[in-house]
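In the two complexes that follow, chain A is the common piece, with chain B as its partner first and chain C second.
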Partner chain A sequence: MNAPAEPSINWQSRRQDKQRRMASLEGIADGPIIPTDSIQAALERLLRSGDKVVLEGNNQKQADFLSRSLGALNPDVINNLHMVMPSVGRPEHLDLFENGVARKLDFSFSGPQSLRIGQLMEDGLLEVGAIHTYIELYARLFVDLNPRVALLAGFKADREGNIYTGPSTEDTPALAEAAAFRDGIVVFQVNEIVDDVSDLPRVDIPASWVDYIVEADQPFFIEPLFTRDPRLITDVHVLMGMMAIRGIYERHQVQSLNHGIGFNTAAIELLLPTYGESLGLKGKICRHWALNPHPTLIPAIESGWVESVHCFGTELGMENYVAARPDVFFTGKDGSLRSNRAFCQLAGQYAVDMFIGSTLQVDGDGNSSTVTRGRLAGFGGAPNMGHDCGGRRHSSPAWLDMKPDDHLLSKGRKLVVQMVETFQDSAKPTLVEELDALAMARDYQMPLAPVMIYASDVTHVLTEEGIAYLYKAQSLEQRRAMIAAVAGVTPIGLKRDPAVTAQLRAEGLVAYPEDLGIRRSDASRDLLAARSIGELERWSGGLYEPPAKFRSW
Partner chain B sequence: MSELNANFQGNYEGGFIDLSARKRIESLLDSGSMRELLTPFDRLTSPWLEKQGIVPQFDDGVVIARGKLDNKAVVVAAIEGGFQGGSLGEVGGAKIAGLLELAIEENRKGNPTAAVLMLETGGVRLQEANLGLAAIAEIQSAIVELRQYQPVIAVVTGPVGCFGGMSITAGLCSYLIITREGRLGLNGPQVIEQEAGVEEYDSRDRGLIWGLTGGTQRFASGLVDAFVDDDVSALSTSVRDCLAQGVPALHRSDDISAPLTRLQQFDTREQIDAQRARQALTEGKTA
Partner chain C sequence: MNAPAEPSINWQSRRQDKQRRMASLEGIADGPIIPTDSIQAALERLLRSGDKVVLEGNNQKQADFLSRSLGALNPDVINNLHMVMPSVGRPEHLDLFENGVARKLDFSFSGPQSLRIGQLMEDGLLEVGAIHTYIELYARLFVDLNPRVALLAGFKADREGNIYTGPSTEDTPALAEAAAFRDGIVVFQVNEIVDDVSDLPRVDIPASWVDYIVEADQPFFIEPLFTRDPRLITDVHVLMGMMAIRGIYERHQVQSLNHGIGFNTAAIELLLPTYGESLGLKGKICRHWALNPHPTLIPAIESGWVESVHCFGTELGMENYVAARPDVFFTGKDGSLRSNRAFCQLAGQYAVDMFIGSTLQVDGDGNSSTVTRGRLAGFGGAPNMGHDCGGRRHSSPAWLDMKPDDHLLSKGRKLVVQMVETFQDSAKPTLVEELDALAMARDYQMPLAPVMIYASDVTHVLTEEGIAYLYKAQSLEQRRAMIAAVAGVTPIGLKRDPAVTAQLRAEGLVAYPEDLGIRRSDASRDLLAARSIGELERWSGGLYEPPAKFRSW
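Entry: the complex of A and B
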């Protein structure tokens, strides 16, 4: 017998709540357009204290006008907001907590604001829900962190609310979708409102997902975060790059990969057209990339190494170059880059053979973290890409090469390579007895230590001393000895037994440059395909336009 | 150099800026003609740096050599910008002064010998103070004497640029060659910022810095004679061209009355920009 539906249940409370909030904007908004100088009044009416609010903080697209306006609200009216932010990169993001408008924070990455987050936690003004990886945070938007309001950023909108995100689409589709389809309110700041949809280069987010648009008082802040000046690449970076190419890329036939940001990986990118070419590896390795458009990849692309690059976001100065290479990059009908962090992170998690990146600390077991005392930097995407993805079911030569045996029930593995110099500077070893992350977890009573990549996921540790092939370790003890063998004169390295190290080298568990046929004296900057920003510009045929902070002319 | 490195040197485009002082000289001179004088094996180090906790270098950051350019005798000095910012101390300064005096002597003996100076320098080495200044004075008086016989050619490519007392040295040369990354100025950006304030001169504003002191501006203002790409062969051609032109009829440093008048008339109350600076330096001048 079917009981009639309980008449007192309202199944549309969220929708009605949204309608009530939007009705209160009558007289302020003109259709979807909120006038620039009315943004505070509008936010005060659209928000309720305690709301979950998504604020778009990205790498290269910031809803900074909206965050400044939010920070200027009266905390007696709006307070205790629960902010959900992929990246907390701007000082004004944290002003929200200082003045009491917001209280709780769920985020992925904080970078330059890491120290201030720690201070606000200590002062009891900010409560961290969790530090996520990017995909994890997007996933929770559709489960228990669904937002009432999403404050997002685009380059341009038309008067209907169609949005052009520009080449840094980044997080926008994931964030907008989570709010738009569960009666959340979607507000976009844009640099410019045009009259008609035909005036937009392309539509990245359709108007039917968008409730309000507002023209920002100034264009959003953008900074070239992924540019590494080749002039700062050292001979040691070159040596490590040669070892990576010889001892990892070539040995395991790595065809698809992500590179972390840093001079180590920039050196590898610049060695492909020279050293890689001399080994005859073109077309055999490094064909498909999940990567931002790094300027240091230009020589490899121009020499025909790279078949495809999918991007998390853009890089300032690379717009014209990317637009001129649509066979390599993902571009829209307008010709310019279409990036998407959610999909690129998924690609990095599921579809690449290898993640290789640097970090600030590695312990004797191989756990690593970028958290150092007092700084809560967050993870960003490295743990997504830097872990073996148990759900993977497709094979590739590199993935299969990690199989422990030939049994049909054995799985391959993603290569997760930690590439570090043994010292950050003369007083700061990278290889440490205990990660600062553990002290941090104790200090702040966190349930988990903020570990970037767990030892169990790391397959290789590469230092200027050599490579430890950790995936081959038979025991935890052997694994520690392998790391010690490449740990140089750090406290961990000094404990190694030379006889054990010799044995590990003989068995191929550890390789020093000589074991790979690399002469240390060959490792010089002469091998780099470009040694300055100016040379990268030249490689690009003038398409790459280096931002002022990287120009020395 | 190993075979591996040699392979990439051969097909390497451009890249003079990235070369070390020694390789710069080698890349410029007729092949096989370079003979370094007072090499690192002579261990002529600064006696002052170690006392101040600074590791010295066996060539004191200055490489000097004799060699041939288009089969003509030359002396070449290059300052290593990577060592102590290319600063000039007692030993490095004496090496350059001595080299120029050697060329003067050769000319007096009837052996025409020109000079090339590759200047990547912040000027005098502060740790050696007056001894460095004295050495720079000796270099300058040697240039003034040598340039009567044969051209003295200065090359400023970056990355350091040429500042302080050595910018005056550059101004005394017969010819001055620059790249877009090269900079030429009396005071370095940080010094000006410190003295005049960040509102007047922001040393981190690279557009402003290169706009005022960079190679493009210096060439357009007529303060240098040749503007070349950062390219070994372009630079080498330019140096050879200057050498072929011989001693100029009138040296820039003897032609000061017009620029001096223009400077004296310059109104400093308004914030200067690249355009105004260029105008002030070239007004009424015929190309």
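Entry: the complex of A and C
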């Protein structure tokens, strides 16, 4: 036996460091409560330059008061923070980098801030660690991206620090756990502090995980990100939706699924009670969902199509509707939604039959990306839900239907459907020779290109022209011909050979609407169960409360 | 707009059903507390025949009092339960099926009960839904396997129902959340009920997720499942460990990893402070771990090799050691370990460079399984951690080192290493022509064979003969030749052509110890940092308290 080599190691350095930082808040904090107007002084004492800091940027819940307070710190005192953020959605998130308080960024989704991230990188003010899918980022919090401080958001806290997150629990449990259980400092902004735990609707995060709470100067920002106004659904979306239902959902018996957030999939949701009903599919497809509470799902729910919906987060205006449908949604004893992105992403990865979503670019092989020149849009959840999970060991009819042969060592696979119109607008083809993501990778010298979904994971491409059943392709060449056959007049589509396309249709590798028994002339908005937000509200019996921007009636 | 089709749907049927069941406990339960000796009466009222029931069978925490109580119910009253269990490790788990209380089983791991599961299936008493990897089972709880009742275990509760799980938090948060937030009934057995929340070390599960608590008749069963006595590590294990460190960890710069639970990987843990140190690798490899607190990791921790360990569960005897090393382990404010299998499995899937583990059978292509005729052992976590996660979008040096070429659309991959001796014993080769799992699938007419890790995911096979760098194979034929080259005198190994093997070694596709600069004569137990449990205890400064069965000095 060798003697212990370094008996003098201090094994409690993180805990002691935390105690020192917290001790410096004496006179500022009252127990766990930081007064609203003392937040900057508190953050300057709790943080050290270079710290890894989790900041809750989320889809529907923002630690925006903490973010703004962080951005107002003196960069001579606190600088070079390494920010770990699921979603970088707010302008103030990037002010941190502009003023030097932060330097490095690991994130998942940037959305509206994607252009500015690229600019800050070019200006040398922001260094990207990596872009992740959501649960990949959470996973790293427990390995090599563990935070010293977590700045999080909830609806309410009691004076002990028990947290009610509200219906947007979202990423909070994962972010809080990673900090709370490795001597990180957990700070929650809340809209309201109540006296006693019994005054909270429920406890989502126990006080023993929380160090500080602060009442925000105003309730956190929230917007209806996933509300799609049915007025903007076109006849083409309806046609594509009919093809999806007939040529994919019905054919493969898709019982559990995730939908993207585009108008295409909103059209499918609104076709289930009409076109789907006419096909006799109720109770046979689309029973279990991993999905935010999309308003366009209301008619399908009200018509009895939907057995369960587990949610990543919430959707503004859907609070009362969700609370009134507890058989369908996951809710707490208080009646409000309990969302959880980690578990919903796991559901979308491991438990559902299908992921179907849109994208901005697809190449001739079937790789796709939402990155366009200069815009680092991030990934969100798509890479996780849009890949065939190699760890899956249970089967379902749809999953088994993807088996290439009957060999016992052959597996089924998840259906990963890319549903795109061949053109974004008259000038921008969706199907392209090379993804902009590759140029981006070359420009920024990234170790791998920001591809959203890889060709090897895609089982179907669906355009307004037809469906390519890629999982049946016997070769890369055949796969390319199948994609070209549904690529319209894009550069990819123009290369196709009509004789080959006819052969692919004859063999069932490609299906056009008429091959599925769908008449293009039937594809009309009249088929939608609701054609406006107002009709969605009426379907809900007034429970859905559309945000002002959607109230056009 | 179509009118709502079924305005008379009752959307609160689950909640009302829960209320009815709970109302029937009036006179039995005192608030959330069920008296110990009333548990059977309570379960008979809370359950309905055919219910989906989650029962916490875990590695280190068992709802065994609840399980025994369930097994004692009258099957004329409660029968045909559909059990959802991560781990089916206790004999009483299967008594449920023998007496007819339960009928269907969805599970992940069965271990010692694997033979009896097969027998019960043959007797027509038990129907297997599916066998899952752990987080796959959790994922289904939020989709199509949502439970009506969850029977869980913790160390302590207060009288409100706040739960301290103890250091084995394990699966509990996932199981509790799935039931608590869809009007399921959550029942916790605890070893002790304390008066007030302030009497709990910490709160792991808030009372607002919990319906009932019951003090168990005795503390739940726990055993040191993952303790490997260094006395049983052989010179061959040491040789294989040296090859792993030299030919894999050092070569690919493996910084974050999961280890299996065999003696092979225990040998690696004990070689880091000696052989690894002599190679100058400290701080360069093996910095972050997703791993239970293996006692054989103590010397590496004490020597300063290990920056962090996130744990699935705990290990009996390691409580005080873990509590004294909070810089390394994830602990709560109370000082005790916080484990969490869902997040640790996510870490092992999405965030680590490498999975390395042993198995019982490997075929000539590299598929592996722990199933042998008649034994349905289950999967545990290996399929999740032992596959290349297609959703990963961040890179690391080791991951990038697996890239097949420099194309921007090529990805890196996780290192998945199968580390096996060519024979299990003199009669049983590990490398076989066909996995027993295939015969099993045929016998039981399973929709897919119970394969633990598929060949397409395996990057390296390491035997006492050498390392096959399978990720470099250019064809299936070459891959097979590489495996044969390290397969010794098994049926697979005997087929190899010495000239081909020489060529594979020359090209660096296969490495024998001498190719790695390792002399077989150096591979001795003397190299182990600890050669007994007693030496591990001394490394720990007396903090590690070996269970009685390991106290042989």
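Assume the second predicted complex is superposed on the first by the 545 of 553 C-alpha atoms of A that agree within 3 Å, B and C clash if a C-alpha of one lies under 4 Å from a C-alpha of the other, contacts with A are read in each partner's own complex, and residues count from 1 in each chain.
In this section, a contact is a pair of C-beta atoms (placed from the backbone, for glycine too) under 8 Å apart; a residue touches a chain by one contact, two chains touch by 3 or more.
Just so it is clear, the model here is predicted, and its values are computed rather than measured.
*Asks:* Per the contact definition in the header, classify A:231: touching chain B only (first), chain C only (second), both, or neither.
*Replies:* A:231 sits against chain B, while chain C stays out of touch.
*Asks:* Which partner does A:29 contact after superposing on A: first (chain B), second (chain C), both, neither?
*Replies:* After superposing on A, A:29 lies clear of both chain B and chain C.
*Asks:* May I ask you to decide whether A:390 touches chain B, chain C, both, or neither, giving the answer as first, second, both or neither?
*Replies:* In the superposition, A:390 contacts chain C only.
*Asks:* Examine A:551 and indicate which partner it touches, taking first as chain B and second as chain C; both and neither are also allowed.
*Replies:* The answer is first: A:551 touches chain B but not chain C.
*Asks:* If we overlay the two complexes on their shared chain A, which of chain B and chain C does A:535 touch? Say first, second, both or neither.
*Replies:* Both: A:535 reaches chain B and chain C.
*Asks:* Which partner does A:11 reach: the first (chain B), the second (chain C), both, or neither?
*Replies:* second
*Asks:* Who touches more of chain A, chain B or chain C?
*Replies:* Partner with more touched residues of chain A: C.
*Asks:* Quick one: is A:411 in contact with chain B, with chain C, with both, or with neither? Answer first, second, both or neither.
*Replies:* second
*Asks:* Counting only touches as set out at the top, which of chain B and chain C does A:278 meet: first, second, both, neither?
*Replies:* first
*Asks:* By the touch definition at the top of the document, which applies to A:526: first (chain B), second (chain C), both, or neither?
*Replies:* First partner only.
*Asks:* Which chain A residues lie in the overlap of the chain B contact set and the chain C contact set?
*Replies:* Overlap of chain B and chain C footprints on chain A: residues 274, 531, 535, 538.
*Asks:* Quick one: in the complex, what on chain B touches chain A?
*Replies:* 2, 4-5, 7-9, 12-15, 17-18, 158-159, 179-181, 204-207, 210, 214-216, 230
*Asks:* Touching residues of chain A toward chain B in the complex: what are they?
*Replies:* Residue positions touching the partner: 231, 274-275, 278, 519, 521-522, 524-527, 531-532, 534-535, 538, 548-549, 551-553.
*Asks:* In the complex, go through chain C and note every residue touching chain A.
*Replies:* Those residues of chain C that touch chain A are 1-2, 4-7, 9-15, 106, 129-133, 135-136, 138-140, 142-144, 146, 162, 173-174, 177-178, 180-183, 200, 202-209, 255-256, 273-274, 287-288, 290, 299, 302-304, 308, 310, 324-328, 330-334, 338, 340, 342-344, 346-347, 349-352, 367, 379, 383-395, 400, 408-412, 438, 441-442, 447-451, 454, 456-457, 529-531, 535, 538-539, 541.
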